[in-house]
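First comes the structure, then the notes that go with it.
Chain lettering (A, B, C, D, E and F) follows the sequence in which the chains are written, and residue indices restart at 1 in each chain.
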Amino acid sequence: MTSAAAADDTTITALALKPGQLSPAMADYFAKCQEKLGFVPNVLAAYAFDNAKLEAFVAMYNDLMLAPSGLSKLEREMIAVTVSSQNRCYYCLVAHGAAVRALSDDPPLGELMVMNYRAAKLNKRQRAMLDFAVKLTVEPWAIEESDREMLRRAGFTARDIWDIAAVAGFFNMSNRVASATDMRPNSVYHGQAR
Amino acid sequence: MTSAAAADDTTITALALKPGQLSPAMADYFAKCQEKLGFVPNVLAAYAFDNAKLEAFVAMYNDLMLAPSGLSKLEREMIAVTVSSQNRCYYCLVAHGAAVRALSDDPPLGELMVMNYRAAKLNKRQRAMLDFAVKLTVEPWAIEESDREMLRRAGFTARDIWDIAAVAGFFNMSNRVASATDMRPNSVYHGQAR
Amino acid sequence: MTSAAAADDTTITALALKPGQLSPAMADYFAKCQEKLGFVPNVLAAYAFDNAKLEAFVAMYNDLMLAPSGLSKLEREMIAVTVSSQNRCYYCLVAHGAAVRALSDDPPLGELMVMNYRAAKLNKRQRAMLDFAVKLTVEPWAIEESDREMLRRAGFTARDIWDIAAVAGFFNMSNRVASATDMRPNSVYHGQAR
Amino acid sequence: MTSAAAADDTTITALALKPGQLSPAMADYFAKCQEKLGFVPNVLAAYAFDNAKLEAFVAMYNDLMLAPSGLSKLEREMIAVTVSSQNRCYYCLVAHGAAVRALSDDPPLGELMVMNYRAAKLNKRQRAMLDFAVKLTVEPWAIEESDREMLRRAGFTARDIWDIAAVAGFFNMSNRVASATDMRPNSVYHGQAR
Amino acid sequence: MTSAAAADDTTITALALKPGQLSPAMADYFAKCQEKLGFVPNVLAAYAFDNAKLEAFVAMYNDLMLAPSGLSKLEREMIAVTVSSQNRCYYCLVAHGAAVRALSDDPPLGELMVMNYRAAKLNKRQRAMLDFAVKLTVEPWAIEESDREMLRRAGFTARDIWDIAAVAGFFNMSNRVASATDMRPNSVYHGQAR
Amino acid sequence: MTSAAAADDTTITALALKPGQLSPAMADYFAKCQEKLGFVPNVLAAYAFDNAKLEAFVAMYNDLMLAPSGLSKLEREMIAVTVSSQNRCYYCLVAHGAAVRALSDDPPLGELMVMNYRAAKLNKRQRAMLDFAVKLTVEPWAIEESDREMLRRAGFTARDIWDIAAVAGFFNMSNRVASATDMRPNSVYHGQAR
């Protein structure tokens, strides 16, 4: 049994969609996850019912979270968790909370992003970044030039602002796909980097 | 001047990112837009500063909105506009409001999706679809099995539920990218299909 | 059949109240609407079940929207649409959205007031006026001297502040009468001034 | 000094608009208030800067609150106070709270309408009426046929539903005019009908 | 019949818990209430089903509201009523609204705290105190150092800030116990200090 | 140095109140904490500036969370964390999240209570209990007999309903005291029961 096969299982989503045929590129990607992480993240198994959707998700995710950016990988994960906290997304809080703990080597920082980022002792740059991401999540209609200006004053370039918006936007999407389908996180995340 | 060049222009976004080099596939895609629509949608010009991001966006968008699905193209556009109305996204309301008017051949339907979908005279299926999309937008943390069950009772399959969630999720992302960057719609949309 | 007769029709409201006897003044007013506009606005037909209520509504409406004021007629319509957008009132957004398009000779301005006034490029005066109207609509309990002072700094007199409050207040009333009764706009508005 | 003169006084509103010339009808009306109530309600003094606005306000107010209706005068005042409680309007809560105490001969009922109508022991009819008025106040966009049907099941006619909507709408207007102008209630109300 | 016995009565709470055996200290306390106030406040009768819970409540209440503090007793009651207004707690608004009227010798001040504290003409110190208490009630997650700094600038010490927080916190507790159990205030409060 | 002394330290609260003289009973209690837990919980150190306040807090806390009740200790901790999640209280989520993990021997259950209790697979009794606690936290004014009836149908007695309300109320208090003072949890909690 491959991990993708597990998508036919309500332990991944409440929709229990049958896994489809993976392209060689995606089969390789799943194999690499298994090898490097020891498991295939359930979000990938959840998309595996349709290879085209899986490929589009993976391409966008990897570009946003791993490609070169003025934001560090930790900063992108901090946005992911803070946005997911506003939307109370169980899947994303578990999976990306573990990433913040691991990348920061500071387990309480992961908890702070999950619970209330305002209680964290952040530098001005990271606080501005998260304030923007949270306002964009909670009242996107109210974002204006003064909000972008606040980011520029904290040292962010136009391209950085795009990246903050794109990561915050992405988790506003994936939080909703996860909540709509009752996606369950791999249990291994709970104990990581505590 | 190509349309992508126009991205270096605050008439597209407040970030005025310089357009990058398009891959042949993306250059073709822009040319096809120009030929079929008479213009390149500004959202594409906005992403043109980075070909990898553009390709990921186009791949996901086209899969969601155009690939085979149990939801008609009009239904997917109805979700797009209803979600964008909750988030008060000017770009998406203008561009996708025009799409609903055109695909439905019913201009007031486009206005209803923009203004208040509850005022539309919808059949039970479409009302359930939009109620789910709106709840998922406004309080994603509160979606539960009873909400999915409501969709099943209205005739939607597990795969249809995924598609409703994915389209609603996608516009929760793109509404935020558009609002964060003050993305401006092509003015041609305003007069279409009135 | 007169327009008032049409009030006995669920195409005007869900209450389908039987039109009453109009006073000569009101009958003249309906005739003048028919002559000038080519139709009687449905809101008038909706009130026609009771001549006293119709007269009170018309007197207040005409004073607020047409009598001399430090606010232009366009500005009063901009308040009308912005307030109606907060309350998502289909009737008022359709009817007064058309008025903003026509009075401004700028169709996208009408759309901006419907969709998100913050996305419009407004001068300081008009932005202050709409910010006040929206705050008064959404959290009237929080209006304080500092809000009035903001209007004064933008050039508004005490009498102008009254007029902004009175127009915003009026649409907070009529939005609710329209929503409570499912009042439907005349379809002719949709195509006007596009 | 007449009561209208007092409008040039920040004890009535923060705008301190100079009272204008009253028409004979309005002068009589003020005199009658003075005679019957012992004072002119400040809301009237506030509108006295412009006789046309005053007349329109008085005509609409008297029709709504005093003309024959399927709703008793007490019920209309209960709607007034419950709506004003949602909007936290000091002027209207003081003035109409006194009216509920007086008309009901039940002082705690006035307090309940001010504080939380859900804590009152109401019959089904009055509870339905206030639930509708509160929903119409707080989320007017969500009122649908099922809400009207709830009123019909509680015994209200189409005309009664209009009257509930019109009274609730009216106080959503006057709450906002009062809050926008910091209108102060006559102090005599505080001790009435305790 | 003692007052405690009355707890077995839905005129006190909807739970109608049977009063338990009072300790001598609590029996004395009830007797002193009866003697000084002429009645036992219903909140005490409500807790009388369990002497340990009653004693803990009385100890905390008396320390917070009556022990020496940088806040006057009136100021503590003003916080009590303002917090209870946000939570729309009928019991606490009636009982502590009477206390504000009595301690201030200014009946309209009690009404202002019940209806909308922002409409009261408060000095800078009391306004800062109530703004903090209301923010702490409505969005406790958003309280930060700048909020405490605002209190310090208004003259409050660290210990005063604790006391503001503790009183506001306490009424956020007791408002909820009262609402959860439908606790009814003694009717005598209504007429006090009008 | 005793633990209480540590209260004079911004690592406990932003107020840095100097610890006061503990009564023998409280000194014993702190010693017992140190012996049994290996540390004094920071909330106790925070209250140690005033022995009377500390004693009142400890008496109420121990009665609510440890005394006999129809609710198990785990259930009371589940309410604590679910309420604290609504209020996004960092201190209480860390300290009581650890308690849920430990008492349940189910670490993901603690995470679920922190992140979104609706995603947990709860039995009907516990779901009803938490739904009531959350509604009481978020909109206490809307709790009515139907909410209590829902608890009774899930098997709760009148006394149990009191206990649910009292625990939910208590954490609505302590969440606010913690947020108002920026109370920091002992770091040892983070690694417990993972």
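In this section, contacts are C-beta pairs under 8 Å (C-beta built on N, C-alpha and C of every residue); 3 or more make two chains touch, one makes a residue touch a chain.
Computed from a predicted structure; not experimentally measured.
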Number of steps on the shortest touching-chain route linking chain A and chain D: 2
Separation of chain F from chain C in steps, with touching chains one step apart: 2
Selected from D-F, A-F or A-C, interface repeating B-C by over half of its contact pairs: A-F
Centre distance in Å when chain C and chain D are each reduced to the mean of their C-alpha atoms: 21
Computed distance of Cα centres, chain E from chain A, in Å: 44
Distance between chain centroids, defined by C-alpha means - chain D, chain E (Å): 30
Per-residue overlap in chain D, given as positions that touch at least 2 other chains: 88-89, 116, 141, 144, 182
Pairwise chain contacts, counting only pairs that touch as defined: A-B, A-C, A-E, A-F, B-C, B-D, B-F, C-D, C-E, D-E, D-F, E-F
Residue numbers on chain D that touch chain F, as the complex places them: 116, 118
Chain A to chain C touching residues, read off their complex: 141-142, 144
Of all residues in chain C, those that touch chain D in their complex: 14-17, 49, 52-53, 55-57, 59-60, 63, 67, 87-89, 132, 136-137, 140-141, 143-145, 148, 158-159, 161-162, 164-166, 168-170, 172-177, 179-182
Interface residues, chain E side, partner chain D - complex: 85, 88-90, 93-94, 107-108, 111-112, 114-116, 119, 182, 187, 190-191, 194
